[in-house]
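Labels A, B, C and D are assigned to the chains in the order they are written; within every chain, residues are numbered from 1.
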Amino acid sequence: MEPENSTPPPPNSPPKQPAMAVRIGSMTMRNPVTVASGTFGYGPEYADLVDLNRLGAITVKGIGPEEHIGNPTPRTFETRGGMLNAIGLPGPGAQGFIDKYVPFLAPYNVPVIVNIWGKNMDDYGKVVEILDDEETVSAYEINLSCPNVKEGGSAFGTDTDSFSRVIELVRGKTQKPIIPKLAPNVSDIGAFAKAAEDSGADAISIMNSYPAMAINIDTLEPELANRTGGLSGPAIKPIAIKLVWDAAKATKLPIIGMGGIYEPEDAIEFMIAGATAVAVGTANFTDPSTVARVIDGIEDYLEQKGHSSVADIVGTVKA
Amino acid sequence: MEPENSTPPPPNSPPKQPAMAVRIGSMTMRNPVTVASGTFGYGPEYADLVDLNRLGAITVKGIGPEEHIGNPTPRTFETRGGMLNAIGLPGPGAQGFIDKYVPFLAPYNVPVIVNIWGKNMDDYGKVVEILDDEETVSAYEINLSCPNVKEGGSAFGTDTDSFSRVIELVRGKTQKPIIPKLAPNVSDIGAFAKAAEDSGADAISIMNSYPAMAINIDTLEPELANRTGGLSGPAIKPIAIKLVWDAAKATKLPIIGMGGIYEPEDAIEFMIAGATAVAVGTANFTDPSTVARVIDGIEDYLEQKGHSSVADIVGTVKA
Amino acid sequence: MKQEKTTVVEHHNFQGDYRILRMAAPEIGPLVKPGQFLHLLIPHLGDRILRRPFSIYKADTGGVSILYKPVGRGTESMIPLRPGDAVDIIGPLGNGFPALGNNKLPVLVAGGYGNAALYLKAKESPVKGVAFFGGRTAEDILCIEEFQVLGWDVRPATDDGSLGTKGLVTAAFDPWMQELGAGSGAQGVEKLELFVCGPNPMLKAMGDRAIKHGFTAWLSMDKNMACGVGACLTCVIKRRTTNGWEWARCCKDGPVFESREIIWE
Amino acid sequence: MKQEKTTVVEHHNFQGDYRILRMAAPEIGPLVKPGQFLHLLIPHLGDRILRRPFSIYKADTGGVSILYKPVGRGTESMIPLRPGDAVDIIGPLGNGFPALGNNKLPVLVAGGYGNAALYLKAKESPVKGVAFFGGRTAEDILCIEEFQVLGWDVRPATDDGSLGTKGLVTAAFDPWMQELGAGSGAQGVEKLELFVCGPNPMLKAMGDRAIKHGFTAWLSMDKNMACGVGACLTCVIKRRTTNGWEWARCCKDGPVFESREIIWE
């Protein structure tokens, strides 16, 4: 219903489309939807099925300083409402990424977020040093929470001191937005959100897959060669929503929310909880059309609720 | 196939049944299967549907020192592969439990584990003081991890110091087995398992429901009146298995494993990961015949694999 | 209370969007009292794990029937069920409606699937009184003839006036109550005993009238449930006690409460 | 590679436990090359979220068919699928089998659903050679006549001897290879080009023979998959490189590899 005193739209004027763009530091995303690192390869893998130019940003698989072989197989395992993965961050390394994937990504009109990881503090610096001159690299997501590499990685994500030091180190090496990715297996995510802000991060992303395990009761072997892995998918969404809500109370930094987004409603729930942007992860495996469906669905929701901008819904939860 | 040199069983001798009994401190369970606190009321609620004498033990809903009203409604919410609850530990209090439920429970030939909670350190002591003379009370499960009460509760579970102090306090008040229930939202569950052992606990139980949240995107209200709640059900099983495995490496105490047990195979997986006993929780709501099915299934598995005792499979994971 | 792993016997459209599902229930069927409900584990509910409660519409040794409208994930997943398909039910649950008091005039008030919940009560009642049924439009008012055949004076009310009085069920009930002498302290009104099942605003409206005019109203309360058997404490409502209030479980202590017991929130 | 949200066209028992599922695929159908596969999102898979890969048995503008045996959660959930039901497929995936080399004698070796994966290859091959099919018993050996009609010399082998040679597929293959002059350096054996799809031990047995006797063997590898498109790095196998090895993705870089490329684990 129109309020009585509003001016009616001029006849035949096109309905106003809500503004979908969001900013993560100096990076502008045309809409708040990216993909979760490790679930979308480096871009080309899904290019036949997904119009990459529709994405708010492409987030690529974790990149270390050098080529890395990752874990033995089996690397994934399906669980009730989710999956485990222990891929172990195989990849071409920073220079390999530039050689193999930047030429493919450069022509697209979409920001590229490179997820970076290291076995130790220095590694993080090295990756950034190698990548930072590439115009195609728009921002860094700092993986401080991979449950699947023995060396460092996840340890940085569960101790605020080393967490802060990695961020400060990276901050010293780049002007581009840096987005630490927080570990979910902490008692007080707010402390990490705050530490990220204090250490010069531009945003944070929540959550990585949750440390988990499955065992084959006939062989007595873990179902993953790495023994443990990370749980992702719809199962973890309620955990992720709470972490985003908790973090949003502790920091003013924009949050990229993820964990089990399958439907537009899931993405909207993350934004209402406090996320400025969202990432679609495991759902890409189930249905590569999810990303487009989520973007359209957010837009429909904004129109339906009469919002002029996607920013209007961020953090609006009545709690 | 019989190994060549084994003596064949005398004709018509009944097949050997595997020994199912397990011990938790001084308490003997006739089989390793109990129910998870809060999912089975105080006993009478499911007595029409479940033969209580078949259980390894009955674990009752959390009991505080006094009557408590708990949280407003809505108190539960269904999620993908699980549910959220924020019941808020309503209950009749320790004396109320004795008056209302002990007369019902006493005639059954099954140990009763009373799950106890407090708003502060002293409360835990008070509950035990009131209950300890009751013969019907076989053991205490100390809830140090309820995500749904503001006061204390979960804070005790995420800080090893106060965690240890509660256990020591309770230890000073009773000779009965005490079983701290660990919070899942910690980076290092092993530290808590060890602290439990060092503080005089007889066993530990893992895991409580995981702090989580859901938001209604039309009303912008959290789906639970308490705003946040605990996630339980099949969704969390892989998280629980890893926590049990991690804890088993850190302590020699028996572990009661729980989190998403729906099938016998789930219970067996917990035991292989390191649990001496298991608890069926949310599955009671889905199918009250789960407990009986799980007991039978464990027995079948032991027979099929040629084990003479359920103890043979505990902690046998090849990892 | 029993759990039966049983099968669908019949499943068909009933009226408007409503459907009837009948299941074999040799153990549960004979135990049912009016106003009780079943807790149904819906097959193929994907990754959803909770049962859904449904009022028992009809019950006998041949089976139990429920009447439902697909409105959400659970009820929509029920549509493909066919005779022979496996289902799992727990029941009968709850206390149901009490017997009609001496010298009382029974009045049924219902909306939506509430009509189904009242059918067994209507049948059992030694006296047949007046039944007020509300709905959006004519096709939302279920089972009129069935209640008439039992001897009830059915008075429908529809929002759009397509059947009976135009307006809410109160638009039909209030004038009738006035005729009996409401507000005048006349005997007629205090003799009323209401059995109500329907949406919350209808329950509250009838409860308020019962308190104001001094008659009895049994309200069948609708709360989301998890266990259905009194164990989880999900489904609680505030019940008045001598010195304040307590939580009462809709599933176990209800779902029927007398209007004076309820503290509305 | 396309994603099609499409429907089931046909679904029936084929032979033994095997079933054929045919789906409309106007976009995917015409693109298919022999040895490629589909990634199927099985409806009503409850709380399981991953697709399942299936070799493409037949494909044309009218649709794509797969041949499967219910063995687990996914394949068992496929049984109730009926014509008209919605399904979601991604395909064609993988590189499939390369074209037959010049002057080569094609040999097909298969077991289980491997026969299905080889049918399009058998059809396309400019030369029709010998096909060795293994199975537990006669009814496990699929599509014999179809391959014969195409002009192939089919040599079955069954564990129980109920059809063809008694024993593994090697029990039929090895004597035949001896006849050609294996081990004697004769021209015959080096001319062989094998296309193999079946259980891992069969793949390895054929790969070992190829290396030992100097012929070519294209092995279609079977690894659990998540994404199916090369993104997740679940399905990797060790591929020999000049200075060691690298991971190759079965879904994207395979599923077909030449025996010399593979480092068996």
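The rule is simple: a contact is a pair of C-beta atoms (placed from the backbone, for glycine too) under 8 Å apart; a residue touches a chain by one contact, two chains touch by 3 or more.
Note that the structure is a prediction, hence the values are computed from the model and not measured.
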Touching chain A and also chain C, the following chains: B, D
Chain centre separation in whole Å, for chain C relative to chain B (CA means): 37
Whole-Å gap separating chain B and chain D, where each centre is the average of the chain's CA atoms: 48
Separation of mean Cα positions, chain D and chain C [Å, integer]: 59
Two or more partner chains touched - positions in chain C: 47
Residues of chain A engaged with two or more neighbouring chains: 80-82, 234
Topology of the chain contact graph, where touching chains are joined (line, ring, star, complete, other): complete
Of chain D, residues touching chain B in the complex: 47
Contact footprint of chain D on chain A as seen in their complex: 38-41, 45-46, 48-49, 61, 69-70, 72-76, 78, 80-83, 85, 87, 90, 233-234, 282, 284-289
Complex interface listing, chain C residues touching chain D: 44, 46-47
Contact set on chain B toward chain D in their complex: 80-81, 234
In the complex, chain D residues that touch chain A: 1-3, 41, 47-51, 88, 90, 223-224, 226-237, 247, 252, 265
